[in-house]
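Below are two complexes that have subunit A in common, paired first with subunit B and then with subunit C.
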Partner chain A sequence: MSDAAMNQATKLYYEDVDLGDEIGPAIVSVALDQVVDFCSLWGNPAPNRFTDQAEAEKIGLDGPIVPGIMTMALVSRVITDWAGAGAVVDLDLVFRGTVPHNHPLHVGILISDTEQDDDGNHVQCDITMTGPVPDRPYVIGTARLNLPSRE
Partner chain B sequence: MPTQIDYEYDHSLYGVEHESGPFDVTREIVDVYTRSVGDDNPIFTDADAARAAGYADQVAPPTLCALFERGELPDIKLQFGRRQFHGGQRVEPRAPIVVGDRLTASSHLKDVYTKTGRSGTMVHVVWETTFSNQDGVVVADVQRSQVVRE
Partner chain C sequence: MTYLDLHCHSVASDDSRATVEQYLKFIQVHRKKGYTIDGIVLTEHRKFDYEIDYSQLAAEYGVLVLKGAELDTRFGHMLVYNITPGLGKDIDFGDVKMDGHMLIEAAKHHGALVVPAHPGRFGIGLVEYMEQGEVFDDLTIVERVNAGSKPEENQRAEDLCQSGGYLGIGGSDAHLASHIGRAVTKFKADIRTEPELVDALLSGEFQPMYIQETAAPEA
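== the complex of A and B ==
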């Protein structure tokens, strides 16, 4: 395996993280064309409440929103960007608010526990995605990672 | 204090596995998925980089399999509320999913329960799905929580 490939698969080692570490926030945003592409993958072609102003207003929304599983994909991307492609063993998210298009979304990761046992090197993280009001997150949840050790 | 509410649904769905698929993990699906969420990790975008890292082919990001779950679940015939939304999602990757894999899904109704908050009472419908690949290897467990509001 080349060093470059290894770096993409394993970006982070267990020894690199400590309880209480905060990562980010990483800032992401989603434009309409991205949502249209994503919706095309799960049999929900535009126009729909995720892509169209009128369709969104029909169900009481202010405008089109980012689908929950796309929000999850964005959170997953932030985690794998930081920790590596194969690090995630559990990602558990609660969608607490509608996520608008074209707004900065702040994805934060807090290390809440670390533990080594016979099954691996476990890192537990608290996850938040917030918009302009930090104490009203769009998404909260947890992630569990299994990281390689340098030892 | 929780509010007691009446809601009916099809309890016969408990204990029944619902099979769906096959779902082919094509390069196009992985490419559109990664492009739409701005994921440029070469393991997820470049077959050569993925092979160099020890994978059989270009790898699907860990939450991609959730795409295949939606729309495949039976109607529980819930007699409550009218508005529903996606309340939560859990994905537990078990093994890499790579381009060329053919997945099947086995889903069951895990739980139906109520919660009362500031915006009223809501019914949560939780489905659990296990995805396996063409070799019978479990590649992911996924839970989806659909919330129905008064």
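== the complex of A and C ==
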């Protein structure tokens, strides 16, 4: 699916998704000044391992990395852009590598489970974040959505 | 003939986010695309649940579910098939520094079989230890195709098979539902149980492949 399709303007319904559907990947990147702003708001002002080469190297990293909670926010935004505000009820990510700055980050969504019950219309998405080459992911995880039904 | 994914993790492993039922549901997606997968072997990290029974789920979805484990050793991760209570008594599955040779020997004693997982993986795979001089003449099979590894890591595994004369299996190493079955092992034998799996592995009549290779050729 194209980026345009991901950024859909129309409301997403439960009936619009099928097990196995792939959405994206959406391509995002994170610039240093965005990380500096994020850390400042978060209460962890620069310089730190997220913003500074020397600080990162002190703890054995190759360079500064995107903070985990900022990565979660990015992934959440990608899902929300596609599924609509309020759709995400849970996001659970496993970090399998460090997420670099100034680097294309490909966020893929794949529908891995669907189920309707009295509590709603549940959709589980598998999430992967990789570099441009679909290699071992930086991040894997799942998002649970609750979508409206047309019925 | 049997097509099995010999390496996957359910939520019983701390880094997986897929339930067994989600795997079995997702296998139906593969089947709709024309791919063949008859079953999976759950290989949870550092543990084995003797009691848990997936036979009802397996029957509901028409997918064979067998159980093994992926244990940490000081020579990398090792898949173990046909685990028995006797093996569990002799080996501490939670010991992340266990001697891989000791595990191989104990498994053989109890009718189980050890296959090193992702041997070509940089930093942690068996090849790293072989390059340091460790000899593994007590092994006959390694995981040649791991769908979670980089292409160059699987190439290292293939090179190992070529140079060392090892046979190779395939597995997805799935931690997410949609990753199940991405690599499988095609066996000549019909397999329904863990002992039959070990017999089929010892027969040498199998080959690893990616899921796309399981599609029946168009008529």
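Note that in this section the second predicted complex is superposed on the first by the 139 of 151 C-alpha atoms of A that agree within 3 Å, B and C clash if a C-alpha of one lies under 4 Å from a C-alpha of the other, contacts with A are read in each partner's own complex, and residues count from 1 in each chain.
Simple rule for what comes next: contacts are C-beta pairs under 8 Å (C-beta built on N, C-alpha and C of every residue); 3 or more make two chains touch, one makes a residue touch a chain.
For clarity, every value in this text was computed on a predicted model and none was experimentally measured.
**Student:** Subunit B or subunit C: which reaches more residues on subunit A?
**Tutor:** Residues of subunit A touched, subunit B against subunit C: more for B.
**Student:** Between subunit B (first) and subunit C (second), which does A:Leu110 come into contact with in this model arrangement: first, second, both, or neither?
**Tutor:** So A:Leu110 only meets subunit C here.
**Student:** After lining up the shared chain so the two structures overlap, which partner does A:Gly68 touch, if you call subunit B first and subunit C second: first, second, both or neither?
**Tutor:** After superposing on A, A:Gly68 lies in contact with subunit B but is clear of subunit C.
**Student:** Looking at the overlay, what does A:Gln34 touch: subunit B (first), subunit C (second), both, or neither?
**Tutor:** first
**Student:** Report for A:Gly43: first if it touches subunit B alone, second if subunit C alone, otherwise both or neither.
**Tutor:** first
**Student:** In the overlaid three-chain picture, which partner chain does A:Ser76 touch, first (subunit B) or second (subunit C), both, or neither?
**Tutor:** first
**Student:** Applying the touch criterion given at the start, work out whether A:Asp92 contacts subunit B, subunit C, both or neither, answering first, second, both or neither.
**Tutor:** Once the two structures are laid over each other on A, A:Asp92 reaches both partners.
**Student:** With both complexes overlaid on chain A, does A:Ile59 touch subunit B (first), subunit C (second), both or neither?
**Tutor:** First partner only.
**Student:** Going by the contact definition given at the top, which residues of subunit A touch subunit B in one complex and subunit C in the other?
**Tutor:** On subunit A, the overlap between the subunit B and subunit C contacts is residues 92, 94, 141.
**Student:** Once bound in the complex, which stretches of subunit A touch subunit B?
**Tutor:** Interface residues on the subunit A side: 1-2, 4-6, 8-9, 28, 34-35, 37-38, 40-44, 59-60, 67-70, 72-74, 76-77, 80-81, 85-86, 88-95, 141.
**Student:** Spell out the part of subunit B that touches subunit A in their complex, as residue ranges.
**Tutor:** Residues 29, 32-33, 35-39, 41-44, 49-50, 52-55, 59, 61-64, 66-68, 70-71, 83, 85-93, 96, 143, 145 of subunit B touch subunit A in their complex.
**Student:** Under the touch definition given earlier, write down the residues of subunit C that touch subunit A in their complex.
**Tutor:** Checking each residue of subunit C against subunit A gives 15, 17-18, 22, 25-26, 28-29, 32, 148-150, 175-179.
**Student:** What part of subunit A is in contact with subunit C in the complex they form?
**Tutor:** Checking each residue of subunit A against subunit C gives 19-20, 92, 94, 96, 110, 112-113, 124, 126, 128, 135-136, 140-142.
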